[in-house]
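Below are two complexes that have subunit A in common, paired first with subunit B and then with subunit C.
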Partner chain A sequence: MPIGSSTLSVRPDTARRTGNGKPRRARAERFAPYILVAPAVLIIVALRLYPLVRGVNFSFTGDGVLNGQLVGLDNYMTLFDDPLFRQAMRNVALLVLLLPVAVAIPGLLATFIYLRVPGHRLYRVVYFFPAVLSPVIVGAIFNLLLAYGGPFNTLLGAIGLGPVDWLGDRRVAMFTVVGVHVWATFGMALVVFLAGFATLNSSLLDAARVDGASLAQEIWHVIIPGLARTIQFVFVTTMIGMLTAMFGLLFVMTNGGPEGSTYLPEYYIWIQQGQMNRPALASAASAVLFVVMLVVGLLQISVLRRSGRED
Partner chain B sequence: MKQRALWSAVVVSGLALAGCGAASDSGSTSGDAEGGDGEGRLVVWDWKSGDESAATYIEQAKADFAEKHPNVEVEFVAQPFDQYYTLLGGAIQTGSGPDVILFNGGGQIRDRADSLVPLDDYLAEDQDRLAGWDAFTEDGQIYAAPVTLQGHPIYYNRALYEQAGLDPDNPAATWDEFVSNCESITDATGATCFALGNQEGIGIEFFLSALGSAVLSPQEYDDWIAGDRDWSSPNVKRIFELWTEVDDAGLNSEAPNSTAMFNDSFAIFQSGEASHVIGLMSDVGHWKDFSEFLGAENVGVMQAPVVEQGAAPNLPYDGGIGYAVAEWTSDPELAADLVRSLTSTAALEAFFADAGAIAADTTIDASSAGPSVATIIAELENGRPALHVALSSETLELMGRLSQQLLSGSATVDEAVEQLAASDQAG
Partner chain C sequence: MSGVRAGRWLIAVPMAILALATIYPLVFTTNVAMKTRHEYILDRFSPAGALRWENVASAWGNAGMAGYFVNSLIVVSCAVALLLLFGSMAGFALSKLRFRGSRLLFLGILAALFIPFQVIMVPLARTMADAGLIDTYPGLVLAYVAQFLPFTIFLMTSFYAGIPDEIIDAARIDGNTLYGVYRRIMLPMGTPALLSVGILNTLFCWNDVLISLVMMPSAENRTLMVGVTALRGQYSDDIPTFAAGVLIAALPVLLIYLFFQRQIADGITAGSTKG
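Here is the complex of A and B:
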């Protein structure tokens, strides 16, 4: 509430000046804060709030012949009746469940780099490299690698394991895409972890070593507690990345298939708006995605606040 | 108090502005064209004009239009096909954008017919010369003029037939014979019977249309096209059973659910790893692409082998792509004239020559283009609209997903046709 608080701080000052008989200047000063915040407020209202309200408004209207007519909650009923949308929401839940893995991988690799395993400088560069590739390129590369007759399955065949249809089996495809997404993005989380390590008190680690702690004990009792805030931050950013940045990979690698098993809300919205010509239904799906993101965002704020209080 | 009042004002004005909203704009606004015979500008949206193979076609059409309207500027905007209908959806929502729009026939144009101008009066003279109007017709009115014909011939590799000791001039006429030919080819050459890519869920559409006429009776076929579709009839079920049987019998190339039709499955056929592929007639996945790799003399087109007694196989085809006029254009007559230029004989001749697309103009001579084109042209006369084109985009999307489930075994044919019937009746 920037407008309210600035008004309060200015008001006593304004009153005194008015008493001194300078009404014009006083009025200017009374409006000054409004004028100063006006650009920011206008931008937020015009480019954020207004489209948001319009979008929610659209979600209560119909498509096709019902275009522009209010249909109440029909679109939302259609959504939750649609097995495809339910699958998309289930996949969101799956992403949340896979989140610890997606955070643990860069965390563990950063720990090894921090503990200076042989070649750690090289690994630092190599791990970050995929983060600069666009999802489309990453998707195209893995399409080739993971093709049924592709090199990955040939490799598996060489060690006596049967070929896996990585992108064509509904039980496997979502894990494959998440795996590729983690591969492509963990470099960024790794950098954040390394930054966190820079603030870690190394004398604690030395003390643990003197006391004869094993590597596992060092990680569990010293490194993880010391990095609590960094870990929380990486959790939140990885979650947002998974929910909002996987469209490119899905588009290139699976088209939401096989059998709709890799649909995410974003992809569903795109299909309904672009391919099915049902913008109102897409608006309803967007509104649901917005609520999901709002919940994630509020959780994020509460987590960050709590970790801030600990300091 | 002041603060609360301000926020209420913001919210109320927001709602007031949004109160009369609609997800797509139904009102009309003026387009870019001005004046019928005066000066002006027409904007065309497509996904073709950027292709080298369409360059001469576009030039011819532009020249034809410039003769009639020398002062009108025409701008072609080539959009990426992947996002074409998304971008178009945006234009339709705002009620402004291109004056002339390229469409795929069938569901894509029918779903958007209320944003287009009926062209019956403007195109009356072209109705005999061009073929494939049905795909651009909704409720008896024509919304676009066909440029190409799109259909689904069964292409086969004549060289593989010869290697297996079969006569490439006499492909199988019945399904049993076809399967036994495929087995001989696989034994002799290692090539699978069909190159299938179903990652996008389009494989089933091609399969349904290419083999449908070999399963359904002519009466059932007509009823289907007319909108009277009995999904629980034994013959309709038979098509979907055939789809699973073909895969179970190992006739398809491997892992179809993770193979993209465009263009991985066509690449399998082109490399001789499969003896048949259900392809297209238009400008991709068609005789010209295949001929470049296999040689025109080795590419054959066969009629669908009869699966059920009483069926009368034919070539399924419709209008492939066609140009429509947006409802918001300021001078529909001028825009319709551009559509006529884009479907003139000279322009379409160029498109056939450069891109290999089977053009909608029945007066073009294509006799010199090899055996596959000769077969296609010969079959055009008895051809019927394709079965899948009659379905809505929702039903097609569902059918794509169900076809993947049928291949993986996670749905039965009965479940599939039941869901399709529900979707078809809802749409």
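Here is the complex of A and C:
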């Protein structure tokens, strides 16, 4: 950034305004930092921190006729007895299992782009493009493509496969939705990986190549240790994305179905709050989701930190 | 050496196929939007006979996308303007001014970054209802500002931290108040970061569906993305018009992507390298 030139351009503008009532200004200035942060603090406290506390409180009160009365852990009991919520938690476990794949795909692609495969400049631009689309748009488009009599099955039929009921088969639907989510978001992680590569010491790679390392060895011994921090960041953000950014897809593509097989906690919360009018139960589900996110985040950080230290 | 060459081309083939798979769904949708219903039913893949804009016009007019578009435009522009204003003010104070509790405050804002909307959605809706802000423009604007402010502050703070103190000291010696420094130094010098975080926030708000669903329950207040989901039910037997509606909703985002790719990438990676 041209810092030198902007210093100069600032001067003539400000040089004219000199010397005016210093003592009074000093007093007003003491409060300036607080005034500058005041709007942000007010909004964050009132509309994020206060609701968080209020929500935890809600989760210990009842719904309907018990509105506002303390019911202890009843909501949490109901929650874990509800097959839909249990399915949502099973799907969270599935997401955790699929997480390494969702991280490895952009990681590998970024590696190839970094190693300058033919056309690498183009791929960088093209791969990122779905990441700017709303999940609603992505879901709507894939609804058309993946319909039972739709184009994707026609294509598969042409090479003698399928048809697969991508969104109507309860054993397949969740994988379909996750697949579409990965399609829509891998570009985001790719960009982060590429930024990580920019900080990688390329002489290490050159040395490995001189020593005759294969691509797999390069990745395992040079790239992964060198990018430990980036990989950690991508793991955490990808998991957060899977837990909080799939609502649009679920809403448009499956509505949680078939037979509740594509429920995730966020969808469950929305249904209980918006459709079933059970805000207290929804609040309990929110609290569980929050704990899940904390645990997943902390676990990943500690695991990755330990593996980083051994290297 | 030639073995390595060949290996690279071998990798390039699946990567090219993936690139096609990335682009094709939107090409397909655009093509469908240009077809008549009859053409679509006969053959989904064939190129549309002509560039027909009837479907787009009918989605825009009859299906009500125009109204949703205006709703989105109003809400998103207000939210982004407030985000940039409050974010840069707080970012300046947190990066350059030492005051009591500033460290604690920064940590609190970082923590707020990790509260997803889903976790606070029920009580937030109730708080908004208490304040009479549910189903109003200001209510949705505030919800967006609250959702994306921690991220905005985080980015602005780390950007401003890179501006040398000497520039601020010089402006102070020239007689500027802190507000003057904010207006004459921090705002203009922060332009690249403001542009980047502004574009990202525009995308986040424009693409959102859940916050809008919760905060704007009535049909005439729908934002564009909620409008698209409603369109799906209305036009389930008229796929070309539905595709045209999808296209209308995606178009602004595609334009932003074409013009501001670099800024988007900068904003996303800023968190990964500085966090």
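Keep in mind that, in the parts below, the second predicted complex is superposed on the first by the 247 of 311 C-alpha atoms of A that agree within 3 Å, B and C clash if a C-alpha of one lies under 4 Å from a C-alpha of the other, contacts with A are read in each partner's own complex, and residues count from 1 in each chain.
As a convention for this text, contacts are C-beta pairs under 8 Å (C-beta built on N, C-alpha and C of every residue); 3 or more make two chains touch, one makes a residue touch a chain.
Please read all numbers here as calculations on a predicted model, not as lab measurements.
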Quiz prompt | First, second, both or neither for A:Pro258, with subunit B first and subunit C second | solution = first
Quiz item: Between subunit B (first) and subunit C (second), which, if any, makes contact with A:Asn67: first, second, both or neither?
Solution: first
Exercise. Would you sort A:Thr230 into first (subunit B), second (subunit C), both or neither based on which partner it touches?
Key: second
Quiz item: According to the contact criterion defined above, which of subunit B and subunit C contacts more residues of subunit A?
Solution: C
Quiz item: In the superposed arrangement, does A:Ser283 touch subunit B (first), subunit C (second), both or neither?
Solution: both
Quiz item: Touch check for A:Gly274: first (subunit B), second (subunit C), both, or neither?
Solution: both
Practice problem: Report for A:Arg54: first if it touches subunit B alone, second if subunit C alone, otherwise both or neither. | Solution: both
Exercise. Please work out whether A:His221 is in contact with subunit B alone, subunit C alone, both, or neither, and reply first, second, both or neither.
Key: neither
Quiz prompt | Doubly contacted subunit A residues - partners subunit C and subunit B | solution = 1, 3, 7, 49-50, 54, 58, 251, 270, 273-274, 279, 282-283
Quiz prompt | In the complex with subunit A, residue positions of subunit B that touch it | solution = 2-3, 6, 10, 14-15, 17-19, 21-24, 26, 82-83, 85-86, 89, 92-93, 111-112, 114, 199-201, 254-259, 393-394, 397, 400-401, 404-405, 408, 410
Quiz item: Where on subunit A is subunit B touching in the complex?
Solution: 1, 3-4, 7, 45, 49-50, 53-54, 57-58, 61-65, 67-69, 84, 147-149, 165-170, 251, 254-255, 257-260, 270-271, 273-277, 279-280, 282-283
Exercise. Flag every residue of subunit C that touches subunit A in the complex, lowest number first.
Key: 7-9, 11-12, 15-16, 18-19, 21-23, 25-26, 28-29, 32, 44-45, 85-87, 89-90, 92-94, 97, 99, 102, 105, 108-109, 112, 114-127, 142-143, 145-146, 149-150, 153, 163-164, 166-167, 170-171, 174-180, 182, 184-185, 188-189, 192, 203, 206-210, 213-214, 225, 228-229, 232, 239, 242-243, 246, 249-250, 253-254, 256-257, 261, 264-265, 268-269, 271-273, 275
Quiz item: If you look only at subunit A, which of its residues touch subunit C in the complex?
Solution: 1, 3, 6-7, 10-11, 13-15, 17-20, 25, 28-29, 32-34, 36-37, 39-41, 43-44, 46-52, 54-55, 58, 109, 112, 115-119, 122-123, 125-130, 132-137, 140-145, 150-151, 154, 183, 187-188, 191-192, 195-196, 199, 215, 230, 233-234, 237, 240, 243-244, 247-248, 251-252, 265-266, 269-270, 273-274, 279, 282-283, 286-287, 289-290, 293-294, 297
